[in-house]
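The structure is given below, and queries will be raised subsequently.
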Amino acid sequence: MRNETGRVEAFSDGVFAIVITLLVLGIDTPSDISGHSLWWALGREWPHYAAYVVSFMVIGVMWVNHHFIFSHLVRVNRPLLFLNLLVLMVVSAIPWTTSVMAGQLTDPRGAQVAAILYSGWMVVYALSFTAFWWYVTQVGHLFHARVDRAGARGTRIRFGIGSVAYPATVGLAFVSAPLTLLMHGVIAAYYAANQLPIPLHAEGEDGDSESSDPPLAYFLSKTE
Amino acid sequence: MRNETGRVEAFSDGVFAIVITLLVLGIDTPSDISGHSLWWALGREWPHYAAYVVSFMVIGVMWVNHHFIFSHLVRVNRPLLFLNLLVLMVVSAIPWTTSVMAGQLTDPRGAQVAAILYSGWMVVYALSFTAFWWYVTQVGHLFHARVDRAGARGTRIRFGIGSVAYPATVGLAFVSAPLTLLMHGVIAAYYAANQLPIPLHAEGEDGDSESSDPPLAYFLSKTE
Amino acid sequence: MRNETGRVEAFSDGVFAIVITLLVLGIDTPSDISGHSLWWALGREWPHYAAYVVSFMVIGVMWVNHHFIFSHLVRVNRPLLFLNLLVLMVVSAIPWTTSVMAGQLTDPRGAQVAAILYSGWMVVYALSFTAFWWYVTQVGHLFHARVDRAGARGTRIRFGIGSVAYPATVGLAFVSAPLTLLMHGVIAAYYAANQLPIPLHAEGEDGDSESSDPPLAYFLSKTE
Amino acid sequence: MRNETGRVEAFSDGVFAIVITLLVLGIDTPSDISGHSLWWALGREWPHYAAYVVSFMVIGVMWVNHHFIFSHLVRVNRPLLFLNLLVLMVVSAIPWTTSVMAGQLTDPRGAQVAAILYSGWMVVYALSFTAFWWYVTQVGHLFHARVDRAGARGTRIRFGIGSVAYPATVGLAFVSAPLTLLMHGVIAAYYAANQLPIPLHAEGEDGDSESSDPPLAYFLSKTE
């Protein structure tokens, strides 16, 4: 059976997949350098590689989180569609902030501006995603029946605290741009490993005896 | 069960997702400016940011409307496939009109031409989408059984009146290009909040007691 | 239920959607021309618009045909996956032949070369698609049970005759490049309206009394 | 019914589809060459065509293998999601290594560096894909019930031996860059034809009497 949220997820997946893949267009191809100095020309582009890896991880984690929240939804409505578009609009601009960052990383003064831009944009992302999550938990009825709605609302405070890391990177940008980029990679890795769970009601029949991992909650809403 | 319209929607979603994401390629990366003047260089690109936000909203609303109409269809035929391709061909060119607009917005005379082009292309979009909707309501049998076909045909007049906003923006383009861009944002926001409903037959068993929002009509055709 | 062919179609749809959308990147944004001469600069790019429209139609028809054939399949195997990849490899290069064509259309001698390249590439497409169709009809067992396998094999001759139009456009390229481009648009429009049907076995329970159009054959394999 | 792995596959398919299609952007459009010398200008770009064909095949085979493994999975968890992102991050950079390769192929000294880069990146891919496969076979419980888990673990050695071809191409890069590119095409063709099977438990009811090909294993997990 096709889930109500199916086409929204498909569209969002498409946007995430394209955004994450467009990152590679930010890495220049050295074409006018001949001979063994190509190693040197390739090496000189290290800020582009670093920015590519970090932004790929960042967008990847954003996708996983998007995926995770949508897995708990069974209905969509117009406000949700547009809050989702807002999130996607912010995500879609990351290849640009990445490209600015990579292009300035070795210039001491430009790097600071670029790092503030990169980190500031992550703050904008955190705000848009928080607005999305706030709305979903506020209206409640878009959730799968097994989601504990009061519990989900309760995550909003902790969710907000988690987002404090982004403004902190804006401060870090005044200290060191490479360090800022590294910190974004660390934050992404942290979020990759630590997902704030969405509280669920207990359910008996879901026992999956052969699985040692706890099943991801999104299996609940998709497999029935 | 896979809906008949599934692959057409998937293809269309792909095109919409790519078009909306390609918009970011229109924002240049300032690379040859060093030091704190990067703020100035980034600020100078404001027309690109404005055009990005407006066109993202515009294409997002187009996707929602496309999604909305397809949610009422359960069959596709060849004319519909090609009217759909026509709509997608028009939508796919919007990153180009956006890029022309953004590149000329600060040049008084070029801006007028660019704004006429941008608005005129929206008129072309409205015409193509109207042709699509006219065809679907004319043949009728592609609709889900719950759609009131006579009622759907009745929306065509009001649908046409709604599209008058686009020619008006062509007129506005002669007055002010930035104002024209702003107006397109306003129109998108208006359409985001106000969807002309597609009339449905009454149905008893659909009562969703825990939902305070009226369920979007596209749930009807997808969840059974 | 997820059809066996589902992920191959999804991947192919993604490639078609991206290829058709990348066409717009071939249209330059005139950026260094100010004032009312922008109309002139935009007008000068007409070969890009013409090539965009024709190639969009051409790729759109290719997608419809791909969609149509896959709608008759219920199994995939490795040779089919790789013949499909071959077709996609040819299709993916069309934005490049389109770009070469558009860039040369107003240069009498370059236009001829570009038109031969554009038409010749369509011959390559026809060959790859014919190989795909030949294989599918040859092995037979990948088809939906309702497909008349002997009948499907019988379409191969007429299918081949239909492809003769492409080599003819290579000849036309020596006469006139704009005419060649126009002819590709005409051929696409012709194929859009005239689909060689894939013969099916008769079936009783499929009567769809409210449909005046014959249902597309792909509904057969997807809706059960 | 929507498979648990559905959205991960959809996202991955999107990335593969975009990456494989972005390859065409690496082929330049000769625009400042007029007259019959366009043939010469087009001919001069042969390294781009060769690199396009080889990388298209390579990425196509990677997609088929990804598809093949996912067809045996019915569950996903966080480590798998991130190992999958790692694989996609490596795949997404291939258009860049391809572009570097194509741009240097006719320069004897640059070509060597570019070929080492191209081959070395394939080694990185093999390592990331091996990590993915190692993890999946190690935890076991993500597999479809019909997969023979002990047997699947047993493939890891042979899988690793198969990957030795990639380091060998790094050595070949010191000899000849064009030959290295050709070898990658040969390896892709070999993997296209020879898939290491994932061992399955015997099952009675799956007899497909009209199929002469053995059904691909991924049909098992998708069609029930």
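First chain written, first letter: the chains are A, B, C and D, and each begins at residue 1.
Operating definition for what follows: a residue touches a chain if its C-beta (ideal position, glycine included) is under 8 Å from a C-beta of that chain, and two chains touch if they have at least 3 such contacts.
Per UniProt, the chains are A, B, C, D = TMEM175 family protein.
No experiment lies behind these values; they were computed from the predicted model shown.
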| item | value |
| --- | --- |
| Same or different residue numbers at the chain C (TMEM175 family protein)/chain D (TMEM175 family protein) copy interface, by half rule | different |
| Copy-to-copy rotation for chain A (TMEM175 family protein) and chain B (TMEM175 family protein) - C-alpha atoms, rounded to a multiple of 5° | 90 |
| Distance-maximising chain from chain B (TMEM175 family protein) - centres being C-alpha averages | D |
| Interchain centroid distance [CA atoms averaged], chain B (TMEM175 family protein)/chain C (TMEM175 family protein), Å | 25 |
| Separation of mean Cα positions, chain D (TMEM175 family protein) and chain B (TMEM175 family protein) [Å, integer] | 36 |
| Shared-contact residues (touching 2 or more other chains) in chain D (TMEM175 family protein) | 1-3, 6, 10, 14, 17-18, 22, 25 |
| Of chain B (TMEM175 family protein), residues touching chain C (TMEM175 family protein) in the complex | 1-4, 6-8, 10-11, 14-15, 17-19, 22, 25-26, 75-78, 81-82, 85, 88-89, 92-93, 95-96, 99-100, 103-104, 107, 109-110, 113-114, 117, 139, 141 |
| Residue ranges of chain C (TMEM175 family protein) touching chain B (TMEM175 family protein) (in the complex, touch as defined) | 1-3, 6, 9-10, 13-14, 16-18, 20-25, 27, 29-31, 33-36, 38-39, 42, 52-53, 56-57, 60, 63-64, 67, 71, 192-193, 195, 210-213, 215-216, 218-219, 222-224 |
